[in-house]
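Report on the following structure.
By letter and in written order, the chains are A, B, C and D; residue numbering begins at 1 in each of them.
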Amino acid sequence: MLPPILTENAMEKFAAQDPDFEAKVRASFARQGLMTNLGAKMVQVTPGEVVLELPYRDDITQQQSFVHGAAVAAIVDTACGYSALSLLPAGFDVVTVEYKVNFVAPAVGEKMIARGRVTKAGRTLTVCSGDCYAVRDGREKLIATLQATMMAVQS
Amino acid sequence: MLPPILTENAMEKFAAQDPDFEAKVRASFARQGLMTNLGAKMVQVTPGEVVLELPYRDDITQQQSFVHGAAVAAIVDTACGYSALSLLPAGFDVVTVEYKVNFVAPAVGEKMIARGRVTKAGRTLTVCSGDCYAVRDGREKLIATLQATMMAVQS
Amino acid sequence: MLPPILTENAMEKFAAQDPDFEAKVRASFARQGLMTNLGAKMVQVTPGEVVLELPYRDDITQQQSFVHGAAVAAIVDTACGYSALSLLPAGFDVVTVEYKVNFVAPAVGEKMIARGRVTKAGRTLTVCSGDCYAVRDGREKLIATLQATMMAVQS
Amino acid sequence: MLPPILTENAMEKFAAQDPDFEAKVRASFARQGLMTNLGAKMVQVTPGEVVLELPYRDDITQQQSFVHGAAVAAIVDTACGYSALSLLPAGFDVVTVEYKVNFVAPAVGEKMIARGRVTKAGRTLTVCSGDCYAVRDGREKLIATLQATMMAVQS
């Protein structure tokens, strides 16, 4: 078992500045036409971390009938973006500046779970990391890992 | 006007190894449930370069009713992947190892055009770059730029 | 021969806002201890594009005596950063938010040439792309390609 | 305190295939001219994880006298590469296919510590993640986070 890469004194502790952060995050997510289209659900919102799920469907696949990498990246990027938004004051929205994603295993399973969380919260820019797991017969397997930069914009 | 960043002697010239590359690419694209779902169309396939289009629709949007970055990344990644596949011998398929995408302007327009092309073709790995433009009132505006690594796998 | 990926009406034209941009860029570069250490030289500064060179030396190598990828990335990132700085008003400096680099061939040659240029100039963030070529017997070969996000900060 | 993003059943456990992995890794590191030049030291090698240190020096700085981002990226990329090599069988070397790095705070401190570790080990490709901390007055602060793809090559 490897020691944790983040030592205790280096680990960021996060607190929400907006007491209504969860309602704000969920309302914004509900307005995303693409997330509704894909069938993604928001399953958890805590300060600095958001979890989404995406059940398997035929219309989110690539040519080999696995879940398309773009659908996987979509939910991890979205989880990361909302993890950043969860820490911003009221009156701000968040946009994705950029992200990088590695696909490490085929997306095969009943559903995909994306966890996004804040690595470093800043006033203008927030850096996030996220992972996606395929759930098959109740076991999670890592299928993608993503690193993103988010920017706060006045809403 | 800047000089081209690729000098003549450094520019790769690409030739297809599979005479049926275009049919193979188009058939694979047609099997992608997600591309059908999003409404993406393949408009051009040449050796080392593929162009896709994505008309605006309400169900591919983010919270501000722009086209979702994930849909933008989806078509640029897919264009890049097929630009790599267009150069591979018969009997091979391609998977995305990883990509990185910057979103440089809101995706606002009647349609999005994604151009993916091969930067460096290798036996195992192919490096691609791609861009996405929003077309609004007939004018193209750069909205995203992407750099990807593709891997050849036996099909 | 592939058509250019940037169509004419989408290509950005850049103009410097600070008439002293070249002197500012060269003075900042001269203060970088690491660039002096590695032996990098700034060979061209135009608005939105900067070119650096790095002659081969034994103390910038990796385990196989090629130039180390970190030295390659260093000059491309630096060329990109200064291409962004060349477009900023007086009173601003630039920091690298993030970059992504692909190494596409071994760094073998008498010298490395890095070209960085601005893809999209913004008020806060500037997106750049850069390439590195190894020069061997007078011929340039692409060895790395990089995509970066720079941020303007008051100096 | 956030829950760990990697759940227990998804966390990879790594074992070395080459009993001489540590000697191989340390010998390869010692041949890197650039690492000697920068003053980097290898402080820990375990299966799937490598730690490097880089003491502050004037000749590894950028224009504001902080440690140059390129030196930071150099040690994190190198730590990641050797974390991948530590898991490969005898007779293999590793090359960096690509990496992406975010710089999240200025590199200010007596020394920098880079930790690289394997996220997903594969036969051909290994995906790694790494972080760099600045140590100042005995406290570690996260300054950079990196995600990389490594490729095994026969040596």
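Note that in this section contacts are C-beta pairs under 8 Å (C-beta built on N, C-alpha and C of every residue); 3 or more make two chains touch, one makes a residue touch a chain.
A quick note: this is a predicted structure, and the numbers were derived from the prediction, not measured.
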Farthest chain (mean CA position) relative to chain A: C
Pair joined by more contacting C-beta pairs (A-D or B-D): A-D
Computed distance of Cα centres, chain D from chain A, in Å: 25
Distance between the centres, which are taken as Cα means, of chain D and chain B, whole angstrom: 32
Multi-partner residues of chain D (each touching 2 or more other chains): 97-98, 100, 102, 127, 149
Chain D residues touching chain C - in the complex, by the definition given at the top: 28-29, 31-37, 57-65, 68-71, 73-74, 77-78, 93, 95-103
Residues of chain A that touch chain C when the two form their complex: 97-98, 100, 124-125, 127, 149, 151
Chain A contact footprint on chain D (complex, rising order): 1-7, 9-10, 12-14, 46, 48-49, 100, 102, 104-105, 115, 117, 119-120, 122, 127, 129-131, 133, 139-142, 145, 147, 149
